[in-house]
Structures are given as structure tokens and as C-alpha cells.
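Handing you this structure, nothing more for now.
Letters A, B, C and D name the chains as they come in the text, with residue numbers starting at 1 for each one.
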Amino acid sequence: MAEARKLRMGMVGGGPGAFIGPVHRIAAELDGQIELVAGAFSQSAERSWEAGVRFHIDPARAYADYRQMIEAERKRADGIDFVAIVTPNHVHLPVALAALEAGIPVMSDKPATATYEEALKLEAAVQKSGLPYGLTHTYAGYAMVREARAMCAAGKLGAIRKVAVEYFQGWLSGPLETTGHKQAAWRADPAQSGAGGAIGDIGTHAFHLLEYISGLKVTAINATLRSVVPGRRLDDDCNAFLRMNNGAAGTLACSQVAAGEMNELHLRIYGEKGSLAWRQQDPNRLIMKWLDKPEEIHHAAMNYLSADALAVARVPAGHPEGYLEAFAVLYREFADALIAWKQGQANPLPATLPGIEAGMRGMRFIVRAIESDRKEGWVEF
Amino acid sequence: MAEARKLRMGMVGGGPGAFIGPVHRIAAELDGQIELVAGAFSQSAERSWEAGVRFHIDPARAYADYRQMIEAERKRADGIDFVAIVTPNHVHLPVALAALEAGIPVMSDKPATATYEEALKLEAAVQKSGLPYGLTHTYAGYAMVREARAMCAAGKLGAIRKVAVEYFQGWLSGPLETTGHKQAAWRADPAQSGAGGAIGDIGTHAFHLLEYISGLKVTAINATLRSVVPGRRLDDDCNAFLRMNNGAAGTLACSQVAAGEMNELHLRIYGEKGSLAWRQQDPNRLIMKWLDKPEEIHHAAMNYLSADALAVARVPAGHPEGYLEAFAVLYREFADALIAWKQGQANPLPATLPGIEAGMRGMRFIVRAIESDRKEGWVEF
Amino acid sequence: MAEARKLRMGMVGGGPGAFIGPVHRIAAELDGQIELVAGAFSQSAERSWEAGVRFHIDPARAYADYRQMIEAERKRADGIDFVAIVTPNHVHLPVALAALEAGIPVMSDKPATATYEEALKLEAAVQKSGLPYGLTHTYAGYAMVREARAMCAAGKLGAIRKVAVEYFQGWLSGPLETTGHKQAAWRADPAQSGAGGAIGDIGTHAFHLLEYISGLKVTAINATLRSVVPGRRLDDDCNAFLRMNNGAAGTLACSQVAAGEMNELHLRIYGEKGSLAWRQQDPNRLIMKWLDKPEEIHHAAMNYLSADALAVARVPAGHPEGYLEAFAVLYREFADALIAWKQGQANPLPATLPGIEAGMRGMRFIVRAIESDRKEGWVEF
Amino acid sequence: MAEARKLRMGMVGGGPGAFIGPVHRIAAELDGQIELVAGAFSQSAERSWEAGVRFHIDPARAYADYRQMIEAERKRADGIDFVAIVTPNHVHLPVALAALEAGIPVMSDKPATATYEEALKLEAAVQKSGLPYGLTHTYAGYAMVREARAMCAAGKLGAIRKVAVEYFQGWLSGPLETTGHKQAAWRADPAQSGAGGAIGDIGTHAFHLLEYISGLKVTAINATLRSVVPGRRLDDDCNAFLRMNNGAAGTLACSQVAAGEMNELHLRIYGEKGSLAWRQQDPNRLIMKWLDKPEEIHHAAMNYLSADALAVARVPAGHPEGYLEAFAVLYREFADALIAWKQGQANPLPATLPGIEAGMRGMRFIVRAIESDRKEGWVEF
């Protein structure tokens, strides 16, 4: 029976001090389909072992190196079913390549890689392998993002004319990367993060969400990037104009120096008949405003929602679900796809789960934004 | 090493169609300290086995009866460390007694029992056993509830003068219990639910939250109960005045016929210098209003919060945590207490985790509210 | 031509330091139908004259005494068309009686009088005179209060089951009346204010709004009153249960020691199908929540509103109207009624404008609340 | 005594069907310092007379032509003290010139003129005349806009790094100008409106507010304009990047095809230490977010506000003031300045009241935005 055991996850990254590793662990296990059984949590054997203890895994399966993990696990009868990559960006590619070459599916944090050149290599490897590859654009997992996407797909707004997405944080308002802060340090280091600062770290989320919800594609971009904090080597603030493939126009703004903001991801889409708005910090509500009838607030888990939105609700309306639950939706979809794939289904990933295509779009967003900024004008996407 | 294995949970209740069982499973496992390994999920052996498959547990440990589970598990070397009770109310007591008699700690859904007489038996059994007993008053697990509690304890509001708590739902606006709806059916049946309808199901939450946050105790109550939906055998709407042990006055209102409300639990506390307000449907914010300075919004996971509030944050500010995370906080505290207890610590439950005392207060709330309603006046608490 | 001149208002009260006098002046004149031409603004001739200068009226028409004003104005060809009473409560009756006896219509601040005995005299005088008498229950003038009222009248919520109104302020959290604060001083003085403190000052507003919007009548009340601030001679905090004439139950709470609240008047009505909520501090929105469709926000001045709500909109949607505009709606309706009355129409006051009947209900609310508090139980209304 | 009479206003424009004329009348008279006594409300003598009757003015002072009004009024002993211009844009200049030449001060609706060439003429005339000239950038009159301005001036946010202002309406989502809708018709007609559509009508407000609150000046702009509705001759949607004179970067967006929006003017300013946000549709609150302390909501009329904000409050905190009150603040400041000017004070206009300089900035904004759009790139401001 397919459900008789949980899928086994091996994690790369997520050692002591990491933020996103524990998040992946919780998200993966939340719906009871996956268990973390192995990991190369740190490049230090000792720290990897420490993390393994904390995660309650078999100490023998806390590896000091991802290659070692892949090699050892593929030999086990109870070896891992997939690898979760939760490292800084520059490590995404080598781990993904190693896993894919070993025939092991991959669930990766975003952005797909550190550079566009790397992304092309990854894309080729994913395609060649035929293996499931998922990308954790977390916000795609929120029920009301699914609802917004369903609304656009159903044409409820009429033709889309105008889009606006912004993602504002304030936590890099000072030179945090010079203070020993681990999260800030790698994000501000081009060698680890890639060419994009804020645009890579959070701009890619905003970009993905915009295309994901609207169903449109960006065809041209005009971006201005700044490094507001003196000495910072990557952008920390970006404003961009967008042209969409249906003729709509848009804006995308992201910043990590928006002092006072926490994690303000806000998207609005305007059509002929009305508009929708969603805020990540108030995720269980979708605002719908209409030309000629009252504004509506659609609440998560209410019966009137689309099937897509209801499919991802775990608790009754009025019981807030949050960031971890959204993350877990992606893992749930990945788990379901893995099971289908093991049963022989080709292309098992559902359209709702971001994968390599979304990864390539995101990487292109980073390079096009930088190109546009240098040129001080529009570039085709 | 204490962390070397997860604690093992056996669940009673939570079979197919249940709401709260899967919630307990997610909450218990969320922080990686506990795993569900056994269960008597249903009184039907087949349905219990079905649930076990869905939960990915060893089929041999999906029992048809809680007594059978307790007996079998206590003999195993890898037997359960505690029982989670997630049944309708009238089953709480027999399961708890059986577990305690077998020397197994208990984590129970609320209310503690179906009747006050049962509660007295439970209290005696818990005290006699010396075993850890936790009660899942979920809302006590929210970070900003902890913050509100810390604010009151620190006297930030000055002497408390006035409290107001309300818990409004609309899902029982019609006779849902007559339509085959499982959740509605047992809640509306005095034989399963006990003497309290809305006051037992949600009023006890409101009552607990009020005492939990304010640090005050109710000393007298004047309640009016109604069964608004024709034919309903238990109350579905309640308004109550409260007197608190410091002289403050208050109100408590709960309703399950407040059409249009989802899960609107809202608490306000007014002191000499200012007031606080918290809403479960917007749980990551605590509103503080002051006599002579700007209104403040305290956000979960921000550095300025109390140690108690920061202790339960899992993700950075602006990444919403919700109902499941709050629930998981209680399980985390219970797990920590279990480990301490196994290491010989007496009374290991922290003050932040509701236990038998909170359970007794809640049961008394139910009977006092009913007494007061019959008398049409005040009763001492 | 009827519109060829503005109606002439004489004000009693509103001298230097007054809050509500200037508000009445603005409200009366806002829609261009009324002009302030005379006043007995203060019992001091000098201060009355000062106020007259500030109001730009003819110095000869700034009187030191309301009797003098009435006598002088009735002799003028361009004498006042009505008296606006904006004094402390205990002066309402003598001024109103003097005006009515002189055949001059009255627009009075609320409550109607200081005591219920006075109210009976006023009621008799109004009825005997046949003159228009309006009462400024300001909140009845908001567009979205009109919308809420129209919604209830049209049965949009189904049968009403539950009502809840609260009016919380914090400005009397300390003994402000002992500091020389004029507004606080008379409100805290039974000789000027009457038997009701907070219940008279703001409870009457809450009570009126509840009956005004719901279309229901209170038939019984169970109230508890407190004087929270030591030494205060009148109530400053009240909680009440209500029974309505259709069997619905309700609560009314008012407080002037709710530290941190400004002017939080909040009303909710729950019916079989849904509910509505309105907050005075966010007055241009009406929240409608439904059992089975999305929550709605109805915005002032949008075309989908009822005729009653649209009738009082002055500016397009999205241009906020506030307290003064709501106040002005009452004066506009009073002015229209005066013109109709001058043209011979009997009973010209529209049902939307509070008058003597509302005044009597409010006075009864005060005495019944006090009776109930003394009795510690229910009293028929 | 200076206050012994009200200032006399003559209005040009504001005939039957007009929106902004009655608004100016209410605003001008609200604080009791000004009365409307004359007008050339329409180019039709009959319609002007009709408007005069409705405004209750002396029929002899309802003129068919602004020249006639100016000529007649200057001869009267009780002639007008200033002219209020409330016509479509293309009439602003001739009326203003005529008034200034006749020695009569001017209060004009915005934008200052229809074209930049006209604006230069106006500027010269104002400077030559030495007469008071005010411009009704309404939003500058809100108390919390004053508070925001004071906050920036006091450096509370630290150095400003980032600004964002948007002004979204949806009322022109369809071709309303082809349906006989008067307000839409002139706004969509270049001959009456000038070269700017949305950017002139509402973009100028957004632009003004940004400079007004931040204290910064725009030094370069990169704008894209669109006419989204087929057949529309002027822009109805605009996105712009801004560079500020202190090095900050910003965005300005305005749209009249943002379906579902009413009058959504929203401004945010980010500094080193924190940020502020203000929304016109929720005007009595100013949001302050900080790097390291709780978010604050500053409420209108509370004692902790700046003197500038308190100076314009009319009613206690919690009693909402709105659009008309903001408008009236500008008239109050203009009236005070007129009185000072009559008493011989040079340059009596306060810095808080927009005048010819703000008018010139706004006109430059329109032409620079259009230039930039044509060039598809940055232009110096």
C-alpha cells in the first residue's frame, strides 16, 4: 500500500544557526507524509552531527558532506527518497547535480542557483534526468494565493490591465552583514548569493507570485537597483516597471532597507471589472474590490472558495494557517508527485507546484533586472 | 542523551471524519520532539486501522479500544510515553483514568470532562498519580497571548479595572446537528458533550484565556444562556457578567449562532494606564492602547517582546504563525515537561501550560454559568 | 421662494471653552440651509458677547440669558426660526419649555433632560405645542448607520437573534472632574448631569443606535453600574443585558474608564442569515458577514447602497465624511422639516431624525439601568 | 475688530451638476470665517442664478460671467474679499488673471492651470500683484498629513531613503466620458483639462503630497503613461520612478482605471530609523513603524501630536474628521492670511498652505512626466 510508509528526506544545509533548515523540516513533516531521516547539515562533521541529534535522526545518517550522504543513502534499502536543498545559493547547483546524477529527486530552496549560467546547467540536468524537481516559492502554498490564481484563471476580473507587487523588509537597514549575522552575511556576499541581493532573495518571490497568480508573463522590464547601505556589495532596494504578455503594465518593488517593515509582500491585480489584493502578513484573507458591488473579503477555508483553495485548507475557517503551513503545502504536493512518479507516472508535478520552469524565470528576472539597471532602460525579458 | 529519541504518543479518538485528531497529530509532531506511534482512533476496529494507515503507523498499533492500547503499549519496550485524548467530552474521563492508572501521562483536549462530578474524579486521579496531565487550551499557545500575559504580570497596564472577552462562531446558526454532521452532532448531545453547549465548547476557552492573560480569577458570575435554534438541547448563546478577585468587572460572551463569524475570539483588558486587545483571527499582533501615548501594535517575533513571547516564536517577524503552531507550543511544553519528569523532576509542568487546575476552573465555569442562568442572578464562583 | 433665505438659529450654550457649541454651529451651517444669528452662549453677558464676536454674529444678538433671547428674537422680523440647546443637561428642560411656549421649534442636544421627571414634562410640552423638536443623536446621521438601518428594515439579515453594542471611552480614567476640566466637571456632577454618568452621556447614544438600526425595542434590562474612579459620584462604567421585543437578546456596554479608547462606539447585529457591524471610528464602512458567502464591506457613497444611505452622501466614495457631517445630516433633516412645517405640514419630522420619542426612550434607559443595578436583576423596560 | 465680519467669497464655477463647487462652499464656510456672497457659477446666466438661489445668495450677485462679477463686486462697499476658482482647468488662468489684475486675492482649485505656459503667466501675475494666491491641494489639510510633515521635518525617521506614493481610482475604468458624465467629460478633454489626464487630475495631488510631507524635492523622473481605455485621449494610468534631492529614490503611481479603488491615496516614507504611512481613506491615523520598537498608530487630536497637527483639530480624538474638514483647513489658513494681509503683512501665506510655488511644481510634474514617457527614460526635473 502506497501510504504504508512515509517518504524519506535527506537535507543538505540547515545546520546550527540556520533559519530555513528547520522550516523545511517542519514543512516537510507537517502533513505526515515525509520524515527527515538523513542530512548533510553542515560542512563541519561535528556540527552536522549536532544538528542530527537535534533532529532526532540516526547519528549514522548525519553526514559531513552531501556527496557522502548521497553515496551512502543510495546504497541503503531504506535510503532517502529525495534531497532537500536548504543551503546558501551557490551550493544549490552542485548538490542538485549530484542528486540528480544519483537518480534522486530534488526539492530546492530558491532561487534555483546563484547565477544564470548555473541555472542553464541545472535546467539541462533536470530535463535529462526526468526526475521530479520542486522549488520552494513558499508563498505559492498559501490557500488564498491559490484562490487568487483561480480567480484570475476564471476571468473573474475581466482582462487584466495593471499589476503591482511589492516585497518590503527592513532588516538590512543597517550593515548587519558586518556584524557576524549569518543570514545577512551570505546574502550580502556575491560569492554565495550570486549577482542579486534583494532582487534574488525576495524579488524573485515577488516576481514568481505575480506570474503565478496572474497567469501572465513578464515580457520586458525596466529596473533601477540601489545599494542604499554604504559598503553593501549587492542591491538592497529595487523599483521596476514591467510589461506583461497581454499588454498589461505593472510594477515590482522590493527592498530590504524599508525600515519598519517585517515581511510585507503585497500583490494587487487590476482587471476591467475589479481587482484583487493579497498580503502575506494577513494571509488568510483575499480582498476583492469591484466596480459596482461591495468589496469582498474571501476567507480561507470557507465553502465558497475555489476547489484549489479548499484543497489546501487543513483547519476550519477562522483558525489561521501561516507560513509553515504554506510551505508544507508545497511539500505535500511534492510528496504526492513523488508517489505518483514512483508508480510510473511521467511529469507528475502539478501546475500549482513551482519547478524548474519557475526557477529559470526567476533567474532570468535577476539578470534582466541587473541588465536593465545598467542600461538605465527597458530590456526584453 | 535525552534528545536521542522522540517521545511516543498514543492517540485516543481522531478517527476518519474527526477534526481535532489530525490537529493534535500535527501539533504534537511539529517541533520534532514527538511522534505518533499508536492509537485507538475509533471504536470500530476497521476505522481505527484505516486511520492508522493514514497516519503511517505500524498497523499492529492501531487498536480498536483504548484499554487494549494501554495494555499492549505498556508491555512494549518502545511503548507510548503518553496518551493524547481527542474524543468527544464524555470519553475524556474513562480514558484519562485508564492511562493514569497504568502510569501513563495524559494530554487531553478540553473541557477536562463532560461533567463536574467527573472532573472531581479526574482531579483526584491526577493528584494521586503524580503524573503529568496537560490540557489543550490551544489559544494559550499563541506568542502574543504569552506577550499579553507577560504585560499584565508586569503591571504595564496598571491595576486592571475591566475585562471583556467574547468568542463568537456562526457555524451552528442552523440545526446542523440534525443533518448528520459529526462535529455538530456530538456537541449538541448532552450525553456526549455534557451540560454545556457553546459554554462548554468555546466558552471554556474564553474563560480560560481571560484568567490566563489577566492573572485574575473570576469570583462571581451572572450568566444568561439561550438555545436559539429551535430543538437544540444545549445552549448556543451566552452572555455573562463577571466579578474578578481584584474588584475588576468583566463580561464574557460566547455564541455559536453569531451568523457570519468564523472563530472570533477577542479579548480586551483595561487597566488604569492603558489596555490591550488580542484577536485570535489576527493572532500575531497585540494591540496596546495608552492614555497618553500612541497606540502600539506589538508583532510576533520582534525583539522588543517579552522573553515568554519570544520563547515560542519559530520564524522571523512577518512570517505568520497560526493555530497549529499555537497548538504545537503546548505539546512542546508538555514534551519538555515529560522529559524532565522522566529525569525525576517533580511537578515539571510550566505555569504557561494549562493542566488539571485550569481544567477544574473550566468545569466550574460551566456549572456556575448554568446555575446562574437558572437562578437569573449572580452566583459565587 | 422657500429657499430664498437661510433658516435662523439661536443657540443656548456654547460659550468659550465649550466643545459641543461650535460643533452645532458647524453642523447647522454645513449644508447651507441655516445660519447662526443669535445666542445666549453663556450666563455671563461678557462671555456670551465674546462668543458672539467669535461666531461673527450681530453683537446685539449675543444675549446673556436665554429668556432674554427668546423674548427679543420673537419680536424681530428677522427673528430666529429655532433654538439649538447645547447646554449641560439640567438646562435642557427650562430652555426647551421657554422656546416651545414662545412658539419656537427646538433642536436639542441629548439626553433630552437631566431626569425622567423632567422628560415627562418636556414630552407633554412638545406634544401640546405641536412644534418640531429634534434631538441630536449624532451617530444617527452617518450614511452607513442609515445603510445598516435599511438593511435591517429590509430583512437582509433574516430574523434578528442577537445584538451587541458598546461605547468605550478612556478620557475619564482619572479624576479629571477635580482638575478644573469643564467638560468633565459638569458630566460628573449629578446636579448638572442628572442621575446618569456614562450611561447618560454615552450609554444613551449606544442605546439609541441599537434601537435605531435594528428597528427593535428593548423590553427588559439587567444592568450593573460602577464608579470606578474613587470619589466619582456618577457611574463611569456599565454592562447590561438586554431583551428585545422580538425575543432577541443583547448586550450594551459603556465606559468612560476604558483607558486607551477614544470614542469606540461599535454595534453588531446578528440575524439568521448574517450579521452587520459598524464602528464610529471607521464610519464610512459597513461590514456585512454572511453564513455562506464572502464578507462584504459596503462603502459610503457607492451606488449599490440603499436610497437612505445615498441621500446623505455629500462627496464621492473614498472621500471620507466624519462626525461633523453626520451631525449636519440631522440639522439638514431638521431644516427641511422646519420648512415643511412653516408651509403647514403637520408632523414634518422624518422617521430618520431622532425626536421626542427617542428622547423619552433614552431617559427611560437611564432610569431603568439604575433601577436594575440597585435591584441586581432584570427590570421591565 | 478684525473678526467682526466674515470674509466674502465670490466663486467662479460650481454651477448645477458640479462636484467641487459645493465642496469649496462648505469648506470655505466651515470654520465660520468666510461666507459665499457672490458667484459666476455657470456660463449660463440662468444656471448661475439657479445656483445662487441654492446657495442662498443675493440673486443680484449671481453673475453670468466672471468678468462681470469682478467688475461689479469691486465697486461694492461690501464686495468680495477673494475669488474662489472651481472651474475646469482651462479656465483657471483667465479668471485668476482677471482677479489679480483687479487686486482681488485668489483661492484656486488645482492644477494651477491647464498648461505649463499658462502656469508661467500665472506665476508672473501672482508675483507682480503681490496678492495672496492659494491652491487647494486638499490633502495637505489633513491633521495627520501635518503630523507626517512635522515628523519628517523633525528628523524622526532619520535620513529619508525611499518614498512611495500612489493614487488609485477606478471610476474611469470604462469610457465614462462618452456617456454624458460631466465630470468625466472635461477631465478627458485635452482642451479643458490640459496635457495631463490622470497625472494632472490626481497625479499632481500625489506629487504635491510627497514633497509636502517629505520636505524633499524631486530632481528627476522616469514615467510611463498609458491610455488604457480605448479611445481615451489622455493618460489614465501612470507609473513613475523618482529621484529626490537628498539622494533618496521613489515611486509615484496614479491610475483612474484601477477598478474597485475609490480614492486610494497612499504615501509611505522610509528613513534610516523607521517609516511612516498615511492613507487618505483612513485619514485620522498615521502609521509609524520602527526598526526596533513597536509599530505605532498616531491618532488625530491626541495630545501627543505635534503642534502643527493639533492646530487643525476641531473635535476630540475618536470623532473622525474627513475630506471636507481637510479642505476647510486650507480655507481657514487662507482666511487668516487674508486678514493679516489686509492688516499690511507682506507674504502672509503660511508654509503649510500650498500656493503658487506648489502650483508651479505640479505643472512641471505634468510636463516632465509626459516628456519622460515620450523619451522612455529619465528627464531632469
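Keep in mind that, in the parts below, a residue touches a chain if its C-beta (ideal position, glycine included) is under 8 Å from a C-beta of that chain, and two chains touch if they have at least 3 such contacts.
Values in this document were obtained by computation on a predicted structure and should not be read as measured data.
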>> Among all chains, whose Cα centre is located farthest from the one for chain D?
In response: B
> A-C versus A-D: which has more C-beta pairs touching?
Replying inline: A-D
> Cα centroid separation between chain A and chain B, in whole Å?
Replying inline: 34
>> Please tell me the distance, in whole Å, between the geometric centres of chain A and chain C computed from their C-alpha atoms.
In response: 55
>> Can you work out the whole-Å distance between the CA centroids of chain A and chain D?
In response: 44
> Where in chain B do residues touch two or more other chains at once?
Replying inline: 261, 288, 295, 299, 302
> Within the complex, which stretch of chain D touches chain B?
Replying inline: 288, 292-299, 302-304
>> List the residues on chain B that touch chain A in their complex, please.
In response: 1, 3-6, 19, 22-23, 25-26, 29-33, 53-56, 169, 171, 261-264, 280-284, 299, 302, 314-325
>> Give the list of chain C residues in touch with chain B in this complex.
In response: 157-158, 161-162, 164, 170, 173-174, 222, 224, 226, 228, 237, 239, 241, 249, 251, 253, 255, 257-261, 270-275, 288-291, 295, 376-378
